């Protein structure tokens, strides 16, 4: 491995992916909306190279991203991004590659969902596109209410036992569904999921903070966070409407709900909050509001990694600065942010029973 | 319950006993060396009354303490200390009564140890002496290397299933033995032990802090601490030798090892440390070194309760002040104590492997 | 197999590797510090040939030894040491090849430790270097406190089920960790580890004799011993300081702790003991102190094999004589050694309970 | 407890009953053929008193012995032998009381055997006769080929879980049957049997030494030995035919096989052996051949206890001397006995495979 890469990696903090022994960088790179779509070929490789040089060795994909083209764009072995790996002396084992199964790439009643058939066939097709023998983690991209949980857990355990993946996780599952999966895995001696890929940001907290709270505590469940910038909203770029060429402008259909919300009273209140946070970021932390937003998510010990999107290397480099910011988030600053937002989910109810000593555990 | 008692109990912090749902007061009262021996009859009842009035509703006994007389002294129902309970309007359910089985009260090869025979017979005899149908927690007073762990776990599970106890725990077991007990309980669907009764103090840290570390983390194992004042050493009363009438003077045989240590270089260094701690306690926390020593043990979230001994009500009242002290132990003060002691056990070895982000979990 | 080799092997005693059915020679050859480092090419092959001719058919490696070069040096198939095997008519099945996974050969947060990822990837890379489809035993070179034990046990079970190894073991694990691994394996129907690779010698006894005692008894756990000569100390060559060209001289950093100990009171007492043992070895057993030290370790029935290091064939031949010595270690001589050392770890505590008949079991 | 009893007990060696934690005296007292039959009332109590005074606190019964009268004769609580217990200050917990279920006390197809019905009903009737709430160990007096093993194991587990017994064992079962019971118990999380009550003596060795060998090794199975004097034959009293008033004379039907054997060539050879052993006992060990015969059985570490019969206190006292003899049975004397007998069962076959190092394990 070149010294440059090694050096950079020393600056990248690593955390365990939930209850697993896998160490993931606190920032990782996702192919959503970009790879195989607006970003392909040489620009894609530039972003990947920038990521690797800065210690981001984890790449998140899904069979569904640009209908498989995103996975194919990433393809490290033996071609596509392979040249970069050789230049940087990176091997397969140095990388963490994850993908997600659910929507498939083609129509047809069994080309999607979490049947045993699609979990196995979908992952095999992903591996062909990614040109690797295995992914490090395969996620169930959503829960499938029409498949018994035992079948889902067994199928993910099977692909792990076949060596097609090392771990599996969930994405946007309800806490109850994760509970069922873990209990069934324990009961049947199967592999339990280790992490949830979920949305989490200053403006989206209920599920990741409150609904999942007991999963962190009981099972050490991990999280790979997406939309930590709330679809770009937390960069401040929508403070004055939707500029041309932005994600909301390019993908109006995908983001209709959020775009419509901008106009509502709640949307306007949130814009005001973003402005306050921008001021706090600049004055107290000498950083952008986007860097603050990422740092705030990293400050939560239940965050395993934030999956960054990027259309240009500079974007990635800018977001990387969040690593320097989050250790500076003192409890004083955290309290001020809380005061600006006023959206902290309540603690679990104890119904008037005497509280336990807060200095115990 | 009288309002007075109720009021006092509001000042007593409660913690869960390890992985159990039982809430224990952070300070409890033990019968070791006192009840049934030097302290009997009315003086004993005065101490019990003082304890109850101050929110200490947990009483720790053992079949072996004064060969059963300590349990008999405590006896709340229907006689002995019963009058106090009536006066204070305390019922059995308001109390947490624990005992410990191992040494028995009579000679004979099966009148002790952790065979199924003695666990069942020993506990039954304790219940007769205590005049109660059940204890809240029964501890294995030591490990018994001559009994297979499955037999031990099964026997304690059996007494719980019979209603003779609600929980069981261990006392001065090696971490390996606790690990085996918990794993076997899990495997066989039996009751796992929930807490360890161990020695822990400023001057005795290796086992409770380092050896048990993974048990706290993996199983939420609890601790009921004894000798938090290191056999009185941390009160400063042995700073200038052994005064007449103290425990070391009265029970020379029991404490020979510690008494002899007083003379050694290490003993002299510890006396110097006690003096430094005394000064810190007075100047910074306006308390005695004994109160600091108790507060320091309470500051560890892995402490469930400290078992206090007392020969006079005033002693108990003095120790109760530790409850006001431990919330004042800031990280700054904890660092200064660490510097005085220099006996912090090392973290578990990671053998040069990259460290995890300390702000993760 | 040539008759010569067959004949020699008849003189080599074999023992079961712990609870496994694998028969290991009581002496084996390790690549630590030598192969791929100071000893390469023809000299390495000469040592290997000498080992094989004398019945040592077990070779211990680790991914970490000389960063993979030690494994590559050993490489029997189809090249490197292959000629020797052909000459001696030795096939893969005639050999026992072991390796150890933990430190990896490259930096990077997942290129080491005991995550599922590194256990699988690390062993695969070792097999490539060793040019064999499987090792007989793969050891976890250390415990990894950041990986749940279930993940570790499952990953080692998986490589066994894939045919990449026949058995797995531990190295320098705490008894509690081995206990947890065995219990979890039992509970989940996975492969339990069969042996521990640990340090054991006349001067290092606490862990292998006392801490592991119950593992031998309950599980028949085996041991593959390293540093049976206490880093050369027990050859007597450091009796008068550190001669040039010795291991302590060549690898000052690795052995700093021991080198510094030489100067201490304890170090000086141990040198005096080595001198007494030297005299006993010469007068009573007509052997060197090194041969006595090895024989003493072999006299312990819980020793499965001693891993010898060697930089010259003569060294190996000299050490082989320990096989003739250990059957001569009568209880009388063992008592005299015990008296010289005075370092026998205490028996497990029974806390004053009546002892069992020593003539029973 | 009176000092006398306590003192005597210090001279009685105790062993674990097989894999259990129960400590049994190496000599115990059985009610077979005597209690409730030829020995009743005051003479019975004299024998019991002598036993207790000499550290024999274990009493072996069976529902079938004299059709229940033997159990009723023993009856310690609250009547019958109760006076002795009070005199000696012995409580129920100080005693080990065992019984055996199989033949029942009345005719009828379900008044015997090992159906769930008879195990439960038979034991309950025994407890009534014995006037105790539980026995320490309940044995299956024979195997019942008409009851599935799962039913047998479940029924014995059930009586243990009900508190009617602490442990269960087998009597004169084939090794295969014990194997099946232990495996089923492990598989279903039930109580496994801990010991076998079997015949074992200088003249009856095949089953206890060879057939059960792997049960001792794998499961630590225990043995409670009967007929250690080969039905009195090893006292020498039948050397010159059957004297009037002896057991063979009184119970001709029970012992027909053995009586007839006396006349055969083998019988005559055994008488010659008894004479040789008598000479060895007198000259080398200053004891009787009966004491030697008992000592020889105790010398086997797989013996947990020998159940003695007695019709007079003097007989018991004479047999007790075996405790002083067995530690004197050196390997030299054991070899001479082996040479006299020539009946050592062969080691398990290894079919020409290389042997393991005898100094390993």
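Residue numbering begins at 1 within each chain, and the chains themselves are lettered A, B, C and D in the order written.
Please note the rule applied: a residue touches a chain if its C-beta (ideal position, glycine included) is under 8 Å from a C-beta of that chain, and two chains touch if they have at least 3 such contacts.
The model shown is predicted, which means the values in this text are computed figures rather than measured ones.
Q: Which other chains touch chain A while also touching chain B?
A: C
Q: Chain B and chain D share one sequence, so how far apart are they rotationally when you fit their Cα atoms? Give it in degrees, rounded to a multiple of 5.
A: 90
Q: Which one of the chains is farthest from chain D, going by Cα centres?
A: In terms of C-alpha centroids, the chain at the greatest distance from chain D is A.
Q: What's the distance between the Cα centroids of chain A and chain C, rounded to whole Å?
A: Centre separation, chain A to chain C: 44 Å.
Q: Provide the C-alpha centroid distance between chain A and chain D, rounded to the nearest whole angstrom.
A: Averaging C-alpha atoms per chain gives centres 69 Å apart.
Q: Provide the list of chain C residues touching at least two other chains, using ranges where the numbers run on.
A: 109, 113, 144, 146, 354, 356
Q: Looking only at which chains touch which, which shape fits best: line, ring, star, complete or other?
A: other
Q: Please list each pair of chains that are touching.
A: Touching chain pairs, listed by label, come out as A-B, A-C, B-C, B-D, C-D.
Q: Show which residues of chain D lie in contact with chain B when the two form their complex.
A: It comes out as residues 1, 6, 9, 14, 16, 19-23, 25, 57, 91-94, 96, 136, 161, 163, 166-167, 189, 191.
Q: Quick one: in the complex, what on chain A touches chain B?
A: The contact residues of chain A facing chain B are 13-16, 23, 26, 220, 298-299, 301-304, 326-327, 354, 356-357, 359-361.
Q: Residue numbers of chain B touching chain D in their complex, please.
A: 106-111, 113-118, 120-121, 125, 144, 146-148, 151-152, 154, 158, 162, 188-189
Q: If we count contacts the way the header does, which residues on chain C are in touch with chain B in the complex?
A: My answer: residues 102-103, 109, 112-113, 142, 144-146, 174-176, 179-180, 183-184, 186-187, 211, 214, 348-354, 356.
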